[in-house]
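What follows is a pair of complexes built around subunit A, which joins subunit B in one and subunit C in the other.
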Partner chain A sequence: MSWKLIPRPLVDRSSLDLSAIQPDRFRDLDVDAVARVRLGLGNEPIELGECFDIEGAGGDDFVEIAGSVKTSIYLGIGMKSGILRVSGDCGRLTGVEAEGGTIDVAGSVGFGAGSAMRGGLLRVQGDAGSGLGGAYPGSSIGMRDGTILVAGSAGDDVGLAMRRGLIAIGGSAGAGTGRSMIAGSIFVAGTVAKGTGAGMKRGTIVLMDENTLIDEAVSPTFAATGRFRPHFLAIYLRRLDELGFAVDPRLFGCECERYNGDLIERGIGEILVCNPYSVT
Partner chain B sequence: MSLLKIQGGRVIDPAEGVDEVRDVWIANGVIVAAPGDPAIRPSRTIDARGFVVMPGGVDMHCHLAGPKVNAGRMLVPELNRRGRPIERTELFPSGSLGPVPTAAVAGARYAGLGYTTAIDAAVAPMGAISARMELADVPCIDKGFLVLLGNHHYVMDAIRRGEKERLRAAVAYILESTRGLGIKIVDPGGVERWKQGKGAVTSLDDQVEGFDVTPRAILQALAEVADELALPHPVHVHSNHLGVPGNRLTTLETFKTLDGRRAHFTHVQFHSYGGKPDNPGSIRSGVAELADYVNAHEGITVDVGQIVFGETLSMTADGPAAHYLKKITGRKWLSHDVELETGCGVSPIRYDDKSLVHAVQWAIGLEWFLGVSDPWKIALSTDHPNGGSFLSYPQIIALLMDRGLRRDFLRRLPERVRSRSTLGDMTREYTLEEIAIVTRAAPARILGLGNKGRLSPGADGDAAIYAPDSDRERMFTLPKYVIARGEIVIENGEFRAAPAGRLIRVEPAYDRDAATEFRRTFAESSTIAASRFQPQPDPTHEEITAPCQKNI
Partner chain C sequence: MIAARVLVTAVSAEWARIAATTATGYATSVIGCDAEAAIERDLSVAETPDGRPGVSLLFFAFGRDALEKAVVNRIGQCVMTCPTTACYNGLTVGEKSIQVGGKLRFFGDGFQISKKLGDRRFWRIPVMDGEFTCEDLFGTVKGVAGGNVLIVGRNSRSTLEAATAAVAAIRSIPGVIAPFPGGIVRSGSKVGSKYKALRGSTNTAYCPTLRGTAATELPNGASCVYEIVFDGLDLERVERATAAAIRAASIAEIAAITAGNYGGKLGPFHIKLHDVLNRYPREEAEPCPGS
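After this line comes the complex of A and B, so read on.
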């Protein structure tokens, strides 16, 4: 059995701190204990039972929020294991510093989802706000490990200062994708805006949309270094496919144009632009 | 009338030389003698039998409020978020901890350690309005602040022109209009010189361009003003070259410059380094000579600025020092030019027990505590948050009281600390009475706050009651009772009340006509309307006045 939490209208009133909803800790609780879990609404503490109708029972590490919690903050923060499913949208800083487990959002997520994440999987069927997988505001290191899959589009600063891990975006991404990236991999199926990879030290950004205007998206401090067929790309794409991320089948084994940079930083990062017509 | 009796505790009140079992009576927030008439019954009795009763703690140097504290909060949101958020309770609003706790959390946590007074050590005159508004939100404790004058344009101009009258009047006017408690001198002349792009001062005799004064002249003139105005607290000096190896020579020279005058030297740990200025790794202790000087001279007092290992935030009016730190750590940094008055620098720092430099700094702080023979000359501080949070005071107390603990701590540090510091050879252990001196009685006396730091009749009804414990850190972390102005703030370790706390300030007598020129200059040169800079009571606070008479 698992827990099903149905949001009451109250939850949209003010910023709702959901950091206490942790699947692994909910496993052994009874319904009264779940109802008494302390959340925060605005600047006041509030009990979970006041914000959600509770159904189900414990027993496994699975919690479903059956609805939208658009004003939520810190849902799944520091999560270690289990599955957290949201059937609607959720708010800011979802999955911050998560170390393991899965957060599955059927709707969209707001600002800073997966920032400073250390492990686990964050899957979003809708769109993501800015700062996806980036650094917690003020800190200098973004996502350290784990996987983030977004079926829709993402805002600005995807993977800001990310250190390790994988981010894949099914739609387009905003400005500054992979900005100040330290390492890791970012895949974008749609278009990207300006400042892609600006200040990146290492890491790989793969742009899969043939219509990408590279001169607009990438700064002149990246050097075109020719075309090649990276073998690792097929492995990565197969892995994304397995995770349920829609991949254009023409891209397996395709040729890529490689840009090397950012040369004002260490300059050993790369931006790969896929050519879907190149498969032989 | 509320009459509180603290019954049968071991009262440690060094200001009166008391260490004995006795009762303490507090009537309407003030300590009174035991009523002679046995018919008079207290309205409340605290059974303190078996407990230790001390005056409320006094932190004479911390950074609690004002523009730079807020700049610090904005610079490191990622540090402030660490740890559990503090939830709203019936008594306190919600907040956060981190290196710079929010206002209400700071007040509550100070009281939670048995402290009832804290003084913010550096507020630019222009930042005073904002600092006061923020201090009004710090509950439980009485507070005050020192006003930065060591790089003030008008002050330096008046010194160059030799206009003592006008200088004295301007300083008094600034103290009165800001509602400050005393004069703070930070890196005299050095901040202004650095702001001009000329680098740090090289000695106390460097000229500050445009003002033709030297750091030495600034120190002497302001110390003289503090004496002439009979301010309760002498000049509070943060000398030049903070944090730079080899700065012990500058510090000694600064001591000598103010010889014969009253002066308080702050966070001396940061000013007692041997080694070569261009090589941070060459740092070694230079405490011995400086502590000897303090021991041998009357009128000089110090607070330590002990560092504590962990992540914290450095914030100072010493722009060049913050820049120096930023160059070493490579971390983010904020610098602010406070027009006409001073500078400001903020940068995060992590004191790491694997780092030789930090380990030596840690040892130097403790060397100061153990090297100054008269505890009345030294006050406990971490320069919160620069050296570490005030929340680590119990840890420092435990280290002072137990040389075994120090030895164990030293073992965790890099081996080479032992050749750079004499801490390992120091066997002194503080007694409870000496702890009461360095955390309460001495800072109150140095600040000239006659009603603080003592438990004799007439003093403010501030007391902390601790349960004796061989684990001194636990003992001082969790007081059994804390009483502020006669009100029980903490009872059995739980908060019962959050009284507002008052602003302590001075009201020096001066020639108002002589301040006219300062007011005119301010109106002409400042971007802030002169009307914002008028002596008027601050409605956000209950104010109390520390009387102007030399206490040291």
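After this line comes the complex of A and C, so read on.
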């Protein structure tokens, strides 16, 4: 059995702190205990039962929020295991500092989703706001591990200062994708905007759209090194495919244009632009 | 014996084979080589991590340190040097694994790149045709080496024919290799020698030309003996290989099929030929599932 939480209209009135909704902690609770879990609405504490209608029972590490919680903050923060499913949209800082488990969002997520994430999977069927997988406000290190998949587009500063992990964007990404990246991998199927990889030390940004205007997106402090066939790419693409991320089959075994940089930093990061017509 | 499985991929099956053949050269017996190694089987594009044609190799050595040294040297000198290749682990990585890519990465002179995907780390080492990708850790298992059968024939032609058929049967079993040339040994050995410096010497009891001058185990009419030595990832695979080899070699003009047990003192496993034939009847002697 699992818990199903149906949002009441109240939840859209003010910022709703959902940090207490943790699948592994809800497993052994009864309905009354779940209803008494303390959330935060604006500056005031509020019990979960006042914000959500509760159905189901414990037993599994599975919680479903059957609707949108657009004003939510900290949903799935520090989550360690289990599955948290949202059938609508989420607000800010979803899945920050998550260490394990899966957060599945059928709609879109707001600012800072997956910031400082340390493990687990955040899967978003809609769009993501800015700061996806980036540094938590006030921190110099972004996502440390784990996987973030966004089927739609993402805002600015995807993977800001990320240290490790994998981010894949099915649509386009905003300005500063991979800015100040320390390591890790970012895949973007659509277009990217200015400042891609600016100040990156290490790590890989893979641009899967062969029409990417690299001169506009990437600063001159990246050095074009020519074409080659990165074998590791197929391993990553296969993994993304296994996770349900839509991958253009033409990209398996394709050649890439490589740009080394950012040369104002260590210069051992890379931006790869895939050429789907190069598969032999 | 400790075993590792190495998956080598390349732009074509031919190049993967070239790398695999080179990497498993001079690896017939740990008596005189750093490891026992051979090609396990060819891999289709659907079976390899990077979707290219590949070859699966098995390596066996006396201990984990020796295995790591042999695999690192062989991949570094024979696979990394071969055009278009990449190299991946083929066994589950646990506590008892060996580090391969993590040792070879230093060839990148600081320009090597690490990619970590889940629990697996890959090293990308820049080389002159692009980059060489090698997995960091390779899993190991306690394997069983030294499985063998001796095929005793009435003439060399039919004995070689039987031995060749036996090797083909062994090689159809996943997780088993026959590391000698073509899988066959003509210079089978016994333990010890009249010369103190040697640990082994020619198996006098099975040398047809020594009849009358040394004690013989050969039946009347026998004039040629070939030994097949094989290593497996576990005892069951070696037993299945033994049964398959005996059946495949049982053709006309074969006088006897036996095995060397070296007084029962060489290794902890004793495989009794009649026993494995009973336990693995023909219809069950088909390839066991890959690991």
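Rule of thumb we're sticking to: the second predicted complex is superposed on the first by the 280 of 280 C-alpha atoms of A that agree within 3 Å, B and C clash if a C-alpha of one lies under 4 Å from a C-alpha of the other, contacts with A are read in each partner's own complex, and residues count from 1 in each chain.
One rule holds in what follows: a residue touches a chain if its C-beta (ideal position, glycine included) is under 8 Å from a C-beta of that chain, and two chains touch if they have at least 3 such contacts.
Owing to the predicted nature of the structure, the values given are computational and were not obtained by experimental measurement.
Bringing the complexes onto one copy of subunit A puts subunit B beside subunit C with no clash.
Of the two partner chains, neither subunit B nor subunit C is touched by A:59.
When the two complexes are overlaid on their common chain A, residue A:239 makes contact with subunit C while staying clear of subunit B.
In the superposition on chain A, no contact is made by A:249 with either subunit B or subunit C. Touch counts on subunit A: comparing subunit C and subunit B, the chain ahead is C.
After overlaying the two complexes on the shared chain, residue contacts for A:164 are found with subunit C alone; subunit B is out of touch.
Residue contacts after overlaying the shared chain place A:138 against subunit B, while subunit C stays out of touching range.
Contact with subunit C, but none with subunit B, is seen for A:231 once the two complexes are overlaid on the shared chain.
Shortest separation of subunit B and subunit C in the overlay equals 25 Å (C-alpha atoms, whole Å). Within subunit A, no residue touches subunit B in one complex and subunit C in the other. Listing the residues of subunit C that touch subunit A in their complex gives 9, 11, 49-52, 86, 111, 113-118, 122, 124, 130-131, 133. Residues of subunit A that touch subunit B in their complex: 17, 38, 40, 43-45, 135-140. Note for the complex: subunit B touches subunit A at residues 75-79, 81, 85, 87-88, 93-94, 331-332.
Contacts from subunit A toward subunit C in the complex involve residues 164, 166, 183, 185, 202, 204, 228-232, 234-236, 238-239, 252-253, 268, 270, 280.
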